[in-house]
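For reference, chains read A, B, C and D in written order, and residue numbers begin at 1 within each chain.
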Amino acid sequence: MNLLMDAPVIDYGIMQPILVVLGAAVLGVLIEAFAPRENRRNIQLVVTFGSLLIALYGVVTNTSEKHVGLGAVNSLSIDGPGLFLQGVILVSALVGAMFLAERDIDVQGDAFAPQASALPGSEDESEFTLRGWLQTEIWPLFLFSVGGMLIFPVANDFLTLFVALEVMSLPLYLLAGMARRRRLLSQEAALKYFVLGAFSSAFLLYGSALLYGFAGSVTYGDIVTAIGQDPGRNGLLIVGSLFVFVGLLFKVGAAPFHQWTPDVYQGAPTALTAFMGAATKVAAFGALLRVAYVALGGLRWDLAPVLWVIAGLTMLIGTVVGVAQSDIKRMLAYSSIAHAGFLILGVIAANPAGLSGSLFYLLAYAFTTLGTFGIVSLVHDASGEANNLGQFAGLGKRSPLVAGAFALFLLALAGIPLTSGFTGKFAVFAAAYEGGAAPLVVLAVIASAIAAFFYVRVIVLMFFTEPQGEEVSVIVPSMFTQVGLSIAATATVILGVMPQPVLDLLNNTFFIR
Amino acid sequence: MHSLLIGLPLLGAAVLLLGGKRTNAWGHYFATAMSIGSFLVGVASFSEMFGLPAEERSIEWTLTEWISVGSFQVPIAFQLDQLSIAFVLLITGVGSLIHVYSIGYMEHDANRRKFFSYLNLFVSAMIVLVLANNYLLLYVGWEGVGLASYLLIGFWQHKPSAATAAKKAFVVNRVGDIGLSLAVMLMFAFFGTVTFAGVNEAADNASEQTATWIGLALLLAACGKSAQFPLQSWLLDAMEGPTPVSALIHAATMVTAGVYLIARSNEIYNIAPTAQLAVVIIGSITYLMGAVIGTAKDDIKKGLAGSTMSQIGLMILAVGLGPIGYVFAIFHLLTHGFFKAGMFLGAGSVMHGMHDDVNMRHYGALRTAMKITYATFGLGFLAIIGIPPFAGFWSKDEIIKVAFSYSPLVGVLTLVGAGVTAFYMTRMMAMTFFGTARWDDDVHPHESPKTMTIPMIILAFGSAFGGMLLLFVADIESWLEPVVGFEHAHHAPDNAILIPVTLAVVAAGAALGWIQYATRDVPRVAPADVSFLTTAARADLYGDAVNEAVFMRPGQYLTRSLVYVDNKVVDGAVNGTAGFVGLVASQLRRLQTGYARSYALMMVLGALVILATAVLVRMS
Amino acid sequence: MSANWFIILSAILFTIGAVGVLVRRNAIVVFMCVEMMLNAANLAFVTFAHTNGNFDGQVIAFFVMVVAAAEVVIGLSIIVTIFRTRRSASIDDASLLKL
Amino acid sequence: MNYLSILVALPVVGALIVGGLRSATDKLIKQIGLGTALASALVALSMALQFDPNSSSTLQFVEKYDWIPAFGVSFSLGVDGIALVLIVLAAILVPVVMLAGWNEAEGHRGSVRQYVVLTLLTYSMMIDVFAATDVFLFYVFFEAILIPMYFLIGRFGGQRATYAAVKFLLYSLVGGLLMLASLVGLWVVSREQLGAGTFDWETLTTLNIDGGVQNWLFLGFFIAFAIKAPLFPFHTWLPDAAGEATPGNATLLVGVLDKIGTFGMLRYCLPLFPLASAYFTPVVIVLSLVGIIYGALLAIGQSDLKRLIAYTSVSHFGFIALGIFAFTTQGQSGATLYMVNHGFSTAALFLVAGYLMSRRGSRFIEDFGGVAKVAPVLAGTFFLAGLSSLALPGMSSFISEFLVLQGTFTRYPVPAIIATTGIVLAALYILLMIQRTMTGEPTAEVAEKVGEITFREKIAIAPVIAIIIVTGFLPQPLLNIINPAVDRVMTAVTATDPVASEGVSK
């Protein structure tokens, strides 16, 4: 008996982005422990932005050198789509970090409570506020989440998927509950997010267990092979794959697993919502696409009807209920639900065009989401952020630039040509039509029309309605937010007008297993 | 050179309209000169044509390509033949006289320049109408004269009645224009051409059905322009225009365009007996209607308008009789042009002297105050009732003769009409120039200036001798033969007793009128207790009432309802959809209870539903 | 003894956990129900590892336990914070965010 | 010479200059705007002169640049006769509108600078839409043009401008999205048949699409165009939008922008989906007829000048659609000419109505009356515009209306007869309006406020009136440009003109 074993050969280069971000997160924890309070923020910022940039550099070099393959003993599949998704997540994280780092909007500091453990309204809290302390723990938490997100879409087995899911979600649960203002709502959002998130991940896990029972392995490639061989035990396969879908569809915010979205989007600090809305959706859809295309590719015809129902329901609920919202963040949350519906079309398409279309869509969506929430965070009244739709009235007159940018993002969300949203929509719809889902495309078009109504309503409010009631003001933010918003706006325009380079990148890229 | 016929008056209109106030001083002279110039060109053309053998008299010339799409090719091209030169001379001749007359008549009107520009516009459009070598270009002239008529009826547009009358004339004419449009479309659809020559050629082997449809469509057009039943109602209102306009457009020329159109399309009608019959019926009805209306009008112009309607009805009746009728219809049209224009000018002269009062009950015994007017009007009177040897006798007598040869019934109708005509014309004559003076003290009747009387005198000559000139000197029967195909073989048999009978009927009518209105006192206010027929005639035989009840009121109701429907139903459907979405949204929103456990429940239910879906799909 | 019984047991545990989430108000209990669902999955993994004849399932069970432990940390901290703020551990009390 | 890119770029450059000159006075801004528009008009006219009607190629002045090769999308421009005349229409109307509505932008929410910039952007996009030979590119500008127009209506409109602008935007957007669905389908079909998806219009016309699929794809395009044009029952946004917009914007909207709808039918619906076009012809004809009569009746019932003109356009668009779906050369050439003529006559009506309304400060008919007495030249101009709208022979609109009717009659006699009744209603709505506004004794307010037409106003409107009258007698130069393009459409739908059954064989 040979107790020696061959050490697995691990390609660290391919995992560089993940390792850098997670390593930086660990470093961040140490900084919290050892660095003096007054320096922490600056050090954390350097670590965060530095690690994100290094990771992004890694993704870019891996992409340009076509350095792809399975990593970490087949548990990661870092292929073309995977690298693209990691890139999108990292860029979203960079822009999101800029919003998180913003201190000029709120006179008291950044968007997070000075000490999350202090009771809201307690003397402790006001003292911390007075001292101008910041909760710098958000940075390692943020980096852990980003690390989870980087793994999530490239996970090549269900265990890695589950672990990545938790790594990316757990910090977000916490961060969602740490808003500086309206702490009660923030904590409630955290609780709901956590309970429902844990509930859904239990489904995902149990589904994985059943699939393991079916195929004898949790690796995607083995499962799809097993499906091809048809070993019987179809009950395990169907229930298992549906439970996995429940977990993933929860994360992407598809109906009927969407109900956490408005509550959490509204309750969480807006800067975090921006990051979460963009990056979580990207990571979750990346994982969903991979599971659907790779692990369950052979099950397409059993899953297609289910996904048709979900897609239709999601699009309609997202758009129709969105019409009735009066809080801008909730409205945008419903918009994100609608977009999840559109994106499921790309999953249903089940063809290379569907994959590349969805990826493009995700890239476009990430920037518009960051942009919209970024701008929402700028509009304030006396008590903090002004989230009521009515308070946006007359914004066009007060600060045309911000209103103009907001209009741009909204039009992109609506899918108006020459914005990124249109290109993405077109790509996904075309793929779905080709994949035989023409009726869903028509439904998607109708849903887009309904959605257009509430996007346009905001534009009308900003440009054509006289402001009434209390004065709201648009805060001029620091360089962080300015740069972040500029990136988002520029990308939105470029992806609408000149999408070809990105499309080239996505052309002929497909999952490996 | 022939294009100058159109060009000169068009130039006149353009110079006056574009020149604006700068031309105020000399505009009316310029316009008159243009009209006279056009007349001279017409005379020159005529004399040139006169010297040529019959088959070479018709000439055509093309100005430019107009419309060419696929096989639909229409040039701007003209045709001057025996028929059109007759009209040209009438239009420019009478037109020039009326220009001259208007110099005096409109002297004090601030917008005299505009008036003359419209007159010039009318003359040029009317000449386009009669010179066009195809139906589409004819259409341009057709609506062009309609436009001029609209502008001139509504010339005093600050009077609401004038504006309304103008609009009414145009709209009713447009109804007729549907007919002309359809006729042109039918021609192209079935014959592939819309030129007179092409249609005539195609008519040789056209089916009777096609010809009938075209014939009926053209009749509708003629009804509109010539104020024939059932589109007659606009003509009486058109008297809101200045009197020279009534004389030129609504008596001598434009309203006879329908007769021209039917005569011009004789080859179509010749193979469509049904359409011919319809023409005769329409003509007959209008002939009698107009006459009856004429008996009851106290407004001298409206009386004359009724008479015009009636006389054109007679012409239409005549053109419906086929080849034997065309010549006499045109003949009557020309003589009518003289005497009716003359009488209208006379009426204008009377009004001029009577402070623009048109009510004959306020006239009486004017023969002494306005001698020239009296004499010229009297000659017109003799001509219209058909006393030999005046103009009307020759043309009217021939039509009655032909009508009898066509059908005794139509013959008797024409005879009755002649009697009624004699009655109402005598009435008019008597009420205006005879009896006792009934005018107010502040009115001082006086003769009109020379610019007005000279045209009247010239036209009176026409009323007196025009018939004989045309019949014996110009030999109108053989002159028109190449165009309308006068059939000597079927020439109506001379009916020896018809002339005396006709004269007797005319005399009876005239006598009745004389007894009624010259020998008895005419009340200054129209008596109210009159027979039903009189009441009806005063109300234009309820033509307007019917229009109002059948078209106007329901139309107004319809438009009002549609405005409502458009706002509430059509637009409402769209807004309703939006509202529905909103309603669904507010209901669905309630699912968002805020309780995490209910969200979890929804997730479990969702999981079960998709599980069920998958199982169902699997099983099916 | 057939492995099926273990799977049925795990399914029952999972269902109890799920129903517990739906019916219990106390946030801690709800949370424990979720943990029960995770453990039901663990049971299934281990059972399937046995039937499949490889160790993957058993290894996964350890991973899940670690993750579950992390989840507990996060979960309890959130619940405790809320309890301190609201003086209530009822999950239904947190229902300000709605509609 | 790259006429088309110059035409597209010039207004954008103008807009950038105007947008960039922060210190410029309103007057200078307007002058720059007008100058740009005039320069573009010159370019457009010289392009029209270079156009060879008898060329063997479908499109001329073709320019093609890759844009999104992944989707087979290129930035390709080119014109056939139909597109050319519409571009020329736009190029003439924009400077006219700018001059006629010189002071239009004042007193609104938006600034003069915004007004000029938005107008120029709209102008550039109009050219794009008409000149695009890539269906995707067409769609992009079809939608994108909504944005400047939306702001033009919303920021420079009347009291209910916001409502009208939103209505306009949402209607058009819904139509556009349906078209997007069809666009997607078309692309997928092209991918299946050609291997690589393309949006090149000429290539797409060669596809062989299954009849059932054609029907669905046709509907997406058609409804979008029917909303844009607009046909009954998709018309209700137009009276609101045109009623609230300034006269100049209403002119651009109804005179040019709405032509995209009918242009689209002729350019896209018919050649791309010939079978479906034939299949849906009865429906379209019924909608057109209803539109003709319904629009006219509603026009009669209006009390607001601008809404009245908008409803007359609903009627006129019925004629245009009728002509297109008559499938005869006369019908389609007539419809194309109708688009141009309607552009000019509507422009004349809206602009002169604008002159009137700016003087009186009201857009309601009841507030006028007797204008002819106080401002005869203004009244005369309005009257001429009205005559053009009621298609008086001798006006250009007569030619096109008659061609449409004639073209329809040879194939569908009964619809043509019904449509012909529209000419009576046209006379009614125009003359009633003229009577109510122009005739009678002027009221005190009219006498006080309504002055004679000014020199600037005369200069602005004169070219329009001149074109209306001259092309009434000389339409053939235009028809010569249009006819070959229409012949190609007829070939594409494999339609031939009916033959005169009792004609003389020569």
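Going forward, contacts are C-beta pairs under 8 Å (C-beta built on N, C-alpha and C of every residue); 3 or more make two chains touch, one makes a residue touch a chain.
None of the values given here were measured: they were computed from a predicted structure.
Asker: Determine the set of chains touching chain C that also touch chain D.
Answerer: A, B
Asker: So which chain ends up closest to the centre of the protein, judged by Cα positions averaged per chain?
Answerer: Closest to the centre of all protein C-alpha atoms: chain D.
Asker: Using the average of all C-alpha atoms in each chain as its centre, how far is it in Å between chain A and chain B?
Answerer: Measuring from centre to centre gives 79 Å for this pair.
Asker: Between chain B and chain C, what is the separation of their C-alpha centroids in Å?
Answerer: Chain B and chain C have C-alpha centres separated by 96 Å.
Asker: Could you put a whole-Å number on the gap between the CA centroids of chain B and chain D?
Answerer: About 36 Å separates the centre of chain B from that of chain D.
Asker: Roughly how many whole angstrom separate the Cα centroids of chain A and chain D?
Answerer: The separation of the two C-alpha centroids amounts to 44 Å.
Asker: At least two partner chains per residue is the criterion; list those residues in chain B.
Answerer: Each of 589, 592, 594, 596, 600 in chain B touches at least two other chains.
Asker: So which stretches of chain A touch two or more other chains?
Answerer: Residues 191-192, 195, 199, 203, 262-263, 453 of chain A touch two or more partner chains.
Asker: Every pair of chains that touch: which are they?
Answerer: A-B, A-C, A-D, B-C, B-D
Asker: Name, in rising order, each residue of chain B that touches chain A in their complex.
Answerer: 578, 581-582, 584-586, 588-589, 591-592, 594, 596, 598-600, 602-603, 605-607, 609-611, 613-615, 617-618
Asker: Which part of chain D faces chain B closely enough to touch in the complex?
Answerer: Checking each residue of chain D against chain B gives 171, 232-233, 235-236, 294, 297-298, 300-302, 328-330, 333-334, 370, 372-373, 376-377, 380, 387, 392-394, 398-399, 402-403, 405-407, 409-410, 413, 416-417, 420-421, 423-424, 426-428, 431-432, 434-435, 438-441, 473-476, 479, 483, 486, 497-504.
Asker: Which residues of chain C touch chain A in the complex?
Answerer: Answer in residue numbers: 7, 10, 14, 17-18, 21, 27, 30-31, 34, 37-38, 40-42, 44-45, 47-49, 51-54, 56-57, 60, 63-64, 67, 70-71, 74-75, 77-79, 81-82, 84-86, 91, 94-98.
Asker: Flag every residue of chain A that touches chain B in the complex, lowest number first.
Answerer: Residues 191-192, 195-196, 199-200, 203, 234, 238-239, 242-243, 245-246, 250, 255-257, 259-260, 262-263, 301-303, 305-306, 309-310, 317, 320-324, 450, 453.
Asker: For chain A, which residues are in contact with chain C within the complex?
Answerer: Touching chain C from chain A are residues 116-117, 119-120, 159, 162-163, 166, 170, 173-174, 177, 183-185, 187-192, 194-195, 198-199, 202-203, 205-206, 208-210, 212-213, 216-218, 262-263, 266-267.
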